[in-house]
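Consider the two complexes below, in which chain A is the common component and chain B and chain C are the respective partners.
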Partner chain A sequence: MALPFARIGRAPRVSRPRPPFPLVAAGLLVGAAVLIPVAYLLFRAFGAADSTLDMLFRARSAAIIARSLLLVVIVTAGSVTIAVPVAFLATRTDLPWRRFWAVAIALPLVTPSYVAAMVAVAALGPRGMLQGLLDRVVGIDRLPAIYGLPGAALVLVLLCYPYVYIMVRASLRRMDPALEEAARGLGYGQMEALRRVVLPLLRPAIAAGALLVALYTLSDFGAVSLLGYETFTWAIYLQYETTFDRTAASALSLVLVVAAVSILMLESFTQARGRYYRSTAGTVRPHGVARLGRWRWVAFGLVGALFAIAVVAPLSVLAYWALRGGVQPGLSFPVAAAWNSVRVAALAAAVTSVTAFPVAVLAVRFGGRLTTLLDRASHIGFALPGIVIALALVFFGVNFVTPVYQTLALLVFAYVVLFLPAASGAIKASLMQLNPHVEEAARALGRSEWRVAAQVTIPMVMPGVLAGAAMVFLLTMKELPATLILAPLGFKTLATSVWSAASEAFFARAALPSVMLVAVAGVPAAYLLLRDAPRESNRSSQR
Partner chain B sequence: MIERPSGAAAGGQLIAEGVVCRYDGATQGQAALDGFDLTVQAGEFVTVLGPSGSGKTTALRVLAGFERVQAGSVSIAGRLVADARHHVPPEQRQVGLVFQDYALFPHLTVEDNVGFGLRDLETSERRTRLAPIVELTGLRGFERRYAHELSGGQQQRVALARSLATRPVALLLDEPFSNLDRHLRSSLRREVREIVKSTGTTAMLVTHDREEALAIADRVAVMARGRIVQIATPESIYSHPATPEVAQMVGPADTMPGMIRGQLVATEAGAFRFRAPAGAVADGQRVQAVFRAHELEFGPFAEGPDMRVAYREYRGEFTQYGIRLPSGSIVRVRRRSLAPVEVGTRVTITAPFDRPVLVFPA
Partner chain C sequence: MTIGFKSALVPVFALAASVLSAAACGTRTVEVTRQVPVEVTREVGREAGSLVVYSGRSESLVAPIIKQFSEATGVKVQVKYGDTAAVAATLLEEGSRSPADVFFAQDPGGLGAVGALLAPLPDRLLRRVPDWARSPEGRWVGVTARARVVVYDTRSFTEQDLPDSIRGFTAPEWKGRIGWAPTNASFLAMVAAMRQMWGDAETEQWVRGIQANGARSFQNNTAIVQAVGAGEIQVGFVNHYYLHRFLAEQGESFPARNYYTRAADPGSVVLISGIGVLSTAKNAANAEKFVEFMLGTVAQQYFASQTYEHPLISGVVSARGIPDVAGVAKPAIDVSKLSDLQGTQALLRRVGVIP
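Then we have the complex of A and B:
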């Protein structure tokens, strides 16, 4: 009998091995399951085609589309503007504390958007901390409104730039230093070589980061809901919450899906014909370090300011409110919510990792049309905002599988659909690094398929599985809209506690669960960040 | 900074004098370059041959301006470009670079890669400058392709064309053929030499491949421990190596101690006629004897010291034997592949009349 991952061996060019049946069956099951929400969404929207069209052509819909796209453009542009120079400073210059910044600058990734939005309102809102401070010092009793576009854009840029930063940093570190040297040899100065060679080569990384930012912004619910900026997600939620109008919500969801898919397609159009790869195999020669000279401390100041605004300030505000809340009577520690969060996140991480495994093995080790299709299907959660999947599952649950409606099972299923690409991506990456010859060597040394899987393959892929699980845990902890909509009655998590308290401006009550959320989410995040933290060489010279 | 360094050889296009280069952090131990002297004449093609770690790539990077020097000086085309205090950046040195991994810009076409260094020219002038170099490097018809759409040999031609297009004062090549397969390597190196020569460009190529070094160069510089040990024409460095080390670098050879006894050198493997390429030796003097694998012969004679065939490697046009000496060390001998001699056979090593053993003062 064939074991899924023991038959592994990179597909030879001549004939592709047929994947073992249990593996294919598992893969197809996963594929079918993750397609349920989309299929149901389409079914509903077409089932009520007239009212769907009617809904779509209302002026209000156009305004929602315009607002969403405006926010996406501003946040994406802002993130790229911040992230690219910072990534460059942190990887290629003699910026003081370079190794610290490499990780520290990526920290906002941990912050859920509703926590950041809550902090923004508490600090910069009409009766917020900054206004209070200014009132006392210089007598200003009004600040520009934080609600609406400015607040949402500010919060999301500060949350999203790390996506671009991480992509660009990785690309800068992988780039063949000989390319820059070749340009220098052809008479280009350092800055010119940067502009004419390095920046064009960074384009795919910037595009990939920008894509993540755009999708994140489009699907964000927490920030826009707390800051009252009516984009798709917030409109869909209002529609659902206030009128329980399925058709209207489905129609808007469909437009949101179209917008997300368009962004995905836009990215593939920007790919140029030139290819982006490192021309040598093997070790990367360390890059030269540009000397900033007297600009060194200016750069330090700028990066430090970003860190202060994006990381230190929000944490300080949270700590302030958590301490204020701590001395108020009647505010107890949100133990139950914390326990629920950890429990459901661990469950989601475990289930998603197991689900992702056959998908990853099929995609990496057995090419083919069906496998490719399955791989694409598993990425649905990447393009579909949480609120869309949650709504589709609510309607699906109510109508077809009433027993699971209002259970943890349906909630965990939503997480699996949403976060499957994160887990399978991590597993795929580690499978791809595993040279099939290693497994073949073990076979040749007399190990059976089963023992090769147990003693070679699984131990070597384990870091990838763990990384994927950590990612899913982190994402589940932070997830808001699906949790809000699908959680069984009375099931409160840290995320829903923060959101409900913050939406009524009870900052003291929101602060404590926020702090706990960031602290718990920080554990897997630290694991992930330190895992690929740069191992810089001690050499500080041009090499 | 345009001054002529004192003592520069007239007409030297690339001159390094007493260069010391140490990487940061490696304060103790050997410097990568430690008293490196080299003069390459205008229009000359010099290869620097050395094992890995000998500093040859560092030497190239010092000349190109990617490494700073702690002592000594470098001048290019009569202009001092580096010493302990001055450092002209790479982009102002007008040297062309060809890398082992080609380093083509993947986001540009062949044409844009080749024309990358000609940015100051107008499009029409650029075209006229590019046409002959594209023709010369055999890239006609590939102008619109991207690097990944070319074979390895073609990619290296693009790299060569790119660096020649700017008419550099010198061309530096860093193991340019090592990523190519053996067959392509020898045809491309012939072609590269012709192209470089036809443009009159001064060139320095570093390599660890002795065949490549000897075949392509006007002069070969053998490098060890951060300095040049000997520089001479390929024929001369082969027939008159300055040290046993150089002899071993330019051809397969084994060394062993010996003593001069009249017309012969007495060694563990027997007594042989000798030649002293690095200066006369006196009777009774202790020497290092160098046995070149293909300049020896052996026969199955059971007399003299006990020497036996330890291994045999069939290589087609010849067979290489390892002969174990009484002390246990091995001497390699290459023979035409005629009747094979079995492992374990007792043999006697001889040096033919016209190919005496090389000896160097110990």
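Then we have the complex of A and C:
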């Protein structure tokens, strides 16, 4: 049974207009930028064909790829399972403290993965803090080992679900309630309308978030190495760490590129060329708030539990370390580092959002072979280990743009290459919800392309832009390998301060900047994520 | 400054790092802190210039002593921190265009990897440290020494229970009790030492023996010491100084201690962190000054008391609980060969410890 005006599924094939020249030029520039790492890898791996093939066909390589992909599947599925219901509760219901949750639930994104893994081992290890607690209560001598797949999957799910959460939340805020109401009017129950209309409409957002989770999982080193789960990225790092072999590392990285491209192709299958907007006239009203009734506090408990596990528990362990260490020489509030972190993250968020815009517009409004290629290429940086991107940009920077080498400009450029898909994915998901006829109407009324973009498109996709900016901001705050290698000399951030202490077993000194990382990131994240919230709360108070 | 052309050499007194030394009073240990004045010559009337240091050693370890160098000499120092492998890879990518003057590395492997980019150091600097702690071609010099040790759970064992040699841990009674970090640079250096002393066949036998005992793999030394302290494992092969950081934070009750193997074997091989000057250095004179400072009493005392490492010059007081490096049974090996990582990696790969 098809709904009359929410045509979900394959849209009729219309001839697409040719994109205007400035958009194409911008797209080509972005494409060239994101392909720098791949070009570097090809250059480095070239001529090492023999030893590389030998390495790839070693029996363990296949097993390691299989292990990586298994982790990708588990973490992606886990993240989607947690994030979609939570996003719905925090956006569409009368859940208590909604505005608080909206931001708090996104915060694990700012935790560096090696910190999360260190905390997890200390807390949940066979003889960790939890065991100590249980020992006193029920006399448990040893917990099952957290190492390997279960630990790595747990830590990565708790770090990664915010990708899906932020994407879905933005999509829910922009979703046209008329579609859902029509379904209700046609006799669907609330749950069925949710399943048959809302969930399908969320598909682009869920897919975009899941894609980021999958690619990030592929690239993670901190969590998998500390939890002893051997993945492909771990094997790449091993080449640098044990033999300083850049050629072998580059060759292995190219395999990771292939894996990433495969995941991207898989994702494009899930994304039917559908319409995610209403086809009739009318504006999108703010959506209503579902009354949870007596389930309100159950929902509160569930969201609270997630917050406790993903944010409060790790912060408590860190606070405990800080207190246990007491006052030590070298312990101080890293104020300059905090300011640097915020400054560079804000810069990265702004530049990445601007850069992502043409990519998103080209992909959604002017789909074609070249734009699809551009969109996919922009995701590769997300799947590669940070050190690979950093070394690629060292090579590029020192040889071709020497004046900006080791300046903030090149560092921000690195963040753009790394985090572009987070921003473009969010903007794309929002753009799909906007009926192109609205833009066409503005054009028909005599507005120039620029004014249409500035006065119609951008305001309408703002939730996506802000969600993307929030993600890039949080990711930049915690980024380590590229920051260490490419930052101007002497440039410290909170992430580098944490690493500097944690890598040398100074737990107390690592704890303070870690806690600050979360605290400092919370404020701008709240600003970005709550931008259009007042309108909504006014309305619900009018009822 | 208007003094202009004539520059005068004026001795300046710089205050050294506070020195921690231990004095035993009966059964109690008392820590004594004293200030050591050090004479540094500083040119007045001329800009001291600048220096770019690439440090594979973490900021929490070396920033304080670099600051002292800066204060004592007036040289403006800029530092890039990272882990040794990443910094070495960066130097290799930068090649002759590198802005770096000095490379301060955590392990000889890192220095070996960029050996071709380093300039030979003057003899007067090389001769400050023992033969075994410098590059045979004079391209880098050791700054601190770190001993490989066996960290053990004091609730389960005393030092007497532990075997004389690291070979002893292949015995079946150690099954399920061992932790190691087979991908860690220091572990690789230990295996490299082992190959030199025992030959490849015996080394392989040892690795297989430990593997057969179900050794748990950790990412780094910190994780091993933490696991021994938690009682998750009973012994682990680590560098000596990590334990002392745990003791400093968690107190003497932290239930783990270091065991320097009684037999002079690879189990207690002494490794170095070292420093080299890039041949493309723009501030070569300051770079040499920096190396000299790191080999001086102030810096050596700093490393001994603040980072719990072994000093490489005499006349420095070790931190509490750390034996004098001269007293550690050192196996006779060629340190420069420890940077042969390819062969070591191949061996570990053959055994299946690393992919």
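The criterion applied here is as follows: the second predicted complex is superposed on the first by the 288 of 543 C-alpha atoms of A that agree within 3 Å, B and C clash if a C-alpha of one lies under 4 Å from a C-alpha of the other, contacts with A are read in each partner's own complex, and residues count from 1 in each chain.
To be clear about the criterion, a residue touches a chain if its C-beta (ideal position, glycine included) is under 8 Å from a C-beta of that chain, and two chains touch if they have at least 3 such contacts.
Remember, predicted model here, so these are calculated numbers, not experimental data.
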Exercise for the section: Please work out whether A:D176 is in contact with chain B alone, chain C alone, both, or neither, and reply first, second, both or neither. Expected result: first
Practice task
Considering only the touch criterion stated at the top, classify A:V137 as touching first (chain B), second (chain C), both, or neither.
Solution key: neither
Exercise for the section: Identify the partner contact of A:R203: answer first if only chain B is touched, second if only chain C is, both if each is, neither if none is. Expected result: first
Completion exercise
Between chain B and chain C, the one with more contact residues on chain A is chain C
Practice task
Could you look at A:G189 and tell me whether it touches chain B, chain C, both or neither (first, second, both, neither)?
Solution key: first
Exercise for the section: Considering only touches as defined above, state whether A:F506 meets chain B (first), chain C (second), both or neither. Expected result: second
Practice task
Name the contact category of A:L530: first (chain B only), second (chain C only), both, or neither.
Solution key: neither
Handout entry: Contacts of A:G288 with chain B and chain C, given as first, second, both or neither
Key = first
Fill in the blank from the handout: The shared contact residues of chain A with chain B and chain C are none
Fill in the blank from the handout: Residue positions on chain A within touch of chain B in the complex are 176, 178-179, 181-190, 192-193, 196-197, 200-201, 203, 272-277, 279-280, 288, 538-543
Fill in the blank from the handout: Per the touch rule, the chain A residues reaching chain C in their complex are 58, 60-61, 64, 121-122, 125-128, 147, 225-226, 228, 230, 235, 238, 240-244, 246, 324-326, 328-330, 387, 390-391, 394-395, 398-399, 402, 405-406, 481, 484-485, 487, 489-490, 492, 496-497, 499-501, 503-509
Completion exercise
Contacts from chain C onto chain A in the complex sit at residues 52, 58-61, 64, 78-83, 85-90, 92-95, 97-99, 109-110, 113, 183-185, 188, 216-223, 225-227, 230-232, 242, 245-246, 248-250, 306, 341-342, 345, 352, 354-355
Completion exercise
In the complex, chain B touches chain A at residues 23-25, 64-68, 89-97, 99-109, 116-117, 146-148, 159, 162-163, 166, 179
